[in-house]
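Same chain, two partners: chain A is paired with chain B first, then with chain C.
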Partner chain A sequence: MGLIELAAAKALASSAVFLFITLLMMAAAKRISTCIVLFSLQSAIMASEILSMAWVGKSAEAYAVAALVIVVKVVAIPCALFRIIKDLKASQDVASSTTGVQSVFIMAALILLSFFAVAPYAVTLRLDEDMLAAAVALLLAGAFLMVSRKKALMQVIGLLVLENGIFVAALTTTYGMPLVIEIGIFFDLLMGVFLMGLFVFRIRDTFEHLDVSKLRRLRG
Partner chain B sequence: MNLAIDLMQAFLLIAVAPLVSGVVARCKARVQNRRGASLWRPYAELLKLFCKEDLVPDTASALFRFAPAILFAATVTAAAFIPVLHPAALFGVSGDIIFLVYLLAIGRFFLMLGAMDGGSSFGGMGASREALVSALAEAPLLLALISVAILTHTVSVSGIVTTTLQQNPFHLSAVYAFALGALVLVALAEAGRIPVDNPATHLELTMIHEAMVLEYSGPSLALIEWASAIKLTLIMALLIGLFAPWGMATNASITVLLFAPLLFFFKLVVLAATIAIIECSMAKLRMYLVPDFLGMASALAILAVSFTALMR
Partner chain C sequence: MTLVLLLLIPFLAAVIVLTCKQSRRAVRVAMTAGAIEVAAIVHAVWRIHTVGVLQSGRYLRADGLTAFFLLSAGLILALVLMYSVGYLRHIPAGRFSSPRWFYSLTFLFVFTIMAVYLSANLGMLWISVESTTLASALLVGFYNTKGAVEAGWKYLVVCTVGIAFALFGTIALYLAAVKSGVDPTSALDWDALMNAAPSLAATSNLVKLSFVFVAVGYGTKIGFVPMHSWLPDAHAEAPTPISAMLSAVLLNCALYALLRFDSITSQAIGSGFSHGLLLIFGCTSVAAAALLMVVQRDLKRLLAYSSIEHVGIVALGIGIGGPLGIMGALLHTFNHSVAKSLMFFTAGYVRDNYGTLRMRRIHGMARSLPWTSVGLTVGSIAIAGLPPFGLFISEFMILTAAFSASRYFIAILLMIALTVVFGALVHHLQRMLAGKRVDLHDRPKLLPADLTVMGICIAILLVLGIHLPRAFANILQQALVVLQ
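Right, the complex of A and B next:
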């Protein structure tokens, strides 16, 4: 067995754990820029998983999808987010409504919950339980980040994490969607991030802060 | 032959400990763009302290004198449980992972008593802070060790190391990643390194270890400093043994026996550099944030234990 096959098999087997670790670090992170780097890392882990799937399954489409993930999620979106942070000149604090240790414990509980949630399906559908649990954990974690962080940019990052979860779920259950649909999804995502970036600027200009917990009244 | 290696590795841990703190200090100096002191300075410092007079405060009782000796003895005994050069140790009984944790706790307990016996208010303050940190670090330390023990189906340190050594590094269970994360966080707290305590200064109001040893001088101080250096080396050797034991001598041939210490020193230096980078890139936490830091270690350790059942 060659080294590349071994590395591919290992990447497939352990990417779930690395995804969990990025989630826990996101829960512990205090700065928005750390969260962006972690999101980029998370997407890189997904890309390596798709690459190993492509290597094992010998499919050209999967290579294209992996390239798309690397270009859009590992490089383009994090760069755009960093640009937004730089232009906003706002503080880097994520403004969490739970303390660091509470967030980490909640995240750990969500990861355990996702294992129990997928256990029946993994057996009947004969799927990899770890990856399916990772997908559900990413969904839950994205939602948790959106709910508990008050900065408008963190809602964007939470949504991106959630989208990563859907992507991993599609990857584990159906070995990825057709290439055309993937391209459409990535284009949507990129547009979404630009739109949300615009919104963040509008929020900042109208309200002079980014704290979504204070957005209670309409303002013209 | 095995007994000779056992004795040698325990002696090695004790003798090399001041050098390890020298290496950490040097790496730190390099990262901060300084030249740094000689690697052998900790030895010179110990020698200087051993030649000095031992001053005891008027208010102190006999406990103050005995505490450093008990701390040193407990730490040295703990060092004899750690496999370094080959996957066995001088002392090794079933269940010694728990014994190891509490040997370190005994040493710390007597250091705290000695600090409070010294009579200065700093000693009491340092001791109460040390009690807080150690109470919070105990749970994640034990849980992380137990998760590895569950995976390897054995509860002795040398047993765990032997089982890990037989596995292919590519086939390690995912639980190791979580246990490693938890143990690294705990190790920083246990050894009194930067996010929790700053070993390099007497000038901070948040100091923990330095506040406890403020009243000690001469040979007593030398014993305490040596014991804390041994503790740091011991924790690093434990991390190496649990998570990267490959390269330990599995048979008694000469090449393997020469190769094992070299590889061990290489791993120690890598770990020391990692500690130096962590220390230079993080600020010391406020005292009230230390429970948060160790809480994260607990969350990781709990996940590690649950994953022994969930993942294979």
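Right, the complex of A and C next:
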């Protein structure tokens, strides 16, 4: 076995663990910029996973998807988010409603939970249990970040993590969807982040803060 | 070609309107484009009616169900555009900065709605539904007030998360199809899935998982309780023509997406599971919305909760099933669209005249604004499901279906909810209508176009309540055939 094949096999085998580590670090992170870097890292792990798949399967489509992930999720979206942070000139604190320790414990519990959740499906469908659990864990973690962090930007990041979870699910179960659909989803994601960025600025301008937990004019 | 045109016209219109610097020209271009689009829709519906199924390339497809929903979308689009002319004229200049942006975004919104209806592929369907959120979020936040920005943000975030769940469900169905031997390149095509549905039964667990996620995901967009939190805010804070579009077109759009999944799931593993889930969502939506309508203080929020109630009724109709239940549900989407547009239009006039939508501050409407009051009253009678209007017929069909399927609990719950809704509407309405004449300073006059719009809505509701026209009944029948 050549060196590249070996590296590919290793990457495939252990990427779930890397994804879990990024999640735990995200839970512990205190600054928004840390979370953005971690998101970028997470996407890079996914990209390497797809690249190794493409190498093994010799599929041009998979290479294209990997390129998309690298361009959109590893580079473009994090850069855009950093740009927003710079322009906002607001405090970088994630404004969590749980303490750091609590967050890490909750995240660990979510990861455990996702292993239990996928166990029945992984056996019957003969799928990689670790990666499937990672997909569900990303989903849950994204939702957790969205409800526990008060800053508008953190909700965007939570949404992105959630979206990553769906992406990993598609990857491990069906080796990705048809390319056209994949491109459409990426386009929607990009537009969504763009619009949310726009709204973040509008929230700052009309409310003079970014704490979405204080947005409660419209109730009932 | 017919189908491509439906997408091409609104897209081009969105671009062209944006280049018009003068607002009068922008309005004229928008009206022309709208007329062409409506004509194209009518043409497409007629073609589908005669040919059966239209297919254009791999990704565009239209059948009887599409035709039925296209018809209602086309009608509402025409009404909304006519209404918007008067709306723009009534609004004080400072409040409404830029008609060209408004129309451009509206046409983009129409483009995404058409894309939802014409997708031949469940992946494309998801992409289109997500784009409707993106296209309309800016319209919801159009006024840039605190309320509008908050509503827009909430709408964007809640719906995007919800729709993400629907994507997960779509992937699960794709996986089920691939595992049951459908060719991966066509395993998202609606045709292929429908043909292969019986073989999907082997992976029934996955199909069920998929439907749960899809129902929660698209259900967020439909406004099922408890995923409805974005809906009253968005409908209340958006400019009135857009409120009507959201309520009368967008909810149907998401419902259409769910119907597609429902029919695949029913074909694959029997209708018990998916219809059961729809019944649960229907019951919670109808019950919660009816109670919340009693305590509303804002007219547009009242209408928004009424929309939740009506999508709940539609879900009940589909969940009960049978030809009568499903026909009632489809007919109800159409009736509700027309009646709710009428209500939102009159709410817009109320806002222009009284400067508020707080129902407590609105008095003496019957004497001060007689025509608007007529519209609001007729709309309320229709929306409450009283004869001789169309909603009575469709609600009666759904109730009959419920009784004949021995679903007594649901039938009784629905009747109680309808009674509560009727009480709530009467309670709010009599407070606004009664009272002495209020002196409204320099109030904007109703234009002939405004009266025409209201008249058309009322006429359609009356016709549908008395006798279904033959052509309409045929289109409805063709939609039913697709679902069974």
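What we mean here is this: the second predicted complex is superposed on the first by the 217 of 220 C-alpha atoms of A that agree within 3 Å, B and C clash if a C-alpha of one lies under 4 Å from a C-alpha of the other, contacts with A are read in each partner's own complex, and residues count from 1 in each chain.
In this section, a residue touches a chain if its C-beta (ideal position, glycine included) is under 8 Å from a C-beta of that chain, and two chains touch if they have at least 3 such contacts.
These numbers come from a predicted model, not from an experiment.
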- Message: Using the superposition on chain A, tell me whether chain B and chain C clash or fit.
- Response: fit
- Task: Could you tell me if A:111 is touching chain B, chain C, both of them or neither one (first, second, both, neither)?
- Result: first
- Message: With both complexes overlaid on chain A, does A:100 touch chain B (first), chain C (second), both or neither?
- Response: first
- Query: Once the shared chain is lined up, is A:6 touching chain B (first), chain C (second), both, or neither of them?
  - Reply: first
- Message: On the A-aligned overlay, A:139 touches which partner chain: chain B = first, chain C = second, or both, or neither?
- Response: second
- Message: Output check: A:85 vs chain B and chain C. Expected answer is one of first, second, both, neither. What do you get?
- Response: neither
- Item | Contacts of A:44 with chain B and chain C, given as first, second, both or neither | neither
- Task: Would you sort A:76 into first (chain B), second (chain C), both or neither based on which partner it touches?
- Result: neither
- Message: Which partner chains sit in contact with A:184 here, chain B, chain C, both or neither? Use first/second/both/neither.
- Response: second
- Item | Of chain B and chain C, the chain that contacts the larger number of chain A residues | C
- What is the contact status of A:24 with respect to chain B (first) and chain C (second): first, second, both, or neither? first
- Message: Rounded to whole Å, what minimum CA distance do you find between chain B and chain C in the overlaid structures?
- Response: 23
- Touching both chain B and chain C, residues of chain A: none
- Which part of chain A faces chain C closely enough to touch in the complex? 121, 124-125, 139, 143, 146, 152, 155, 159, 162-163, 166, 169-170, 173-174, 177-178, 180-181, 184-185, 187-188, 191-192, 195-196, 198-199, 202-203, 206-207, 212, 215, 217-218, 220
- Item | chain A-facing residues of chain B, complex | 170, 174, 177-178, 181, 289, 291-292, 295-296, 299-300, 302-303, 306, 310-311
- Query: Tell me, which parts of chain C touch chain A in their complex?
  - Reply: 59, 121, 123-124, 126-127, 130-131, 134, 137-138, 141, 144-147, 149-154, 156-157, 160-161, 164, 167-168, 171-172, 174-175, 178-179, 184-185, 188, 205-206, 209, 232-233, 236-237, 292, 295
- Message: For the complex, give me every residue of chain A touching chain B.
- Response: 6, 10, 14, 16-18, 20-21, 24, 28, 99-101, 104-105, 107-108, 111-112, 115, 130
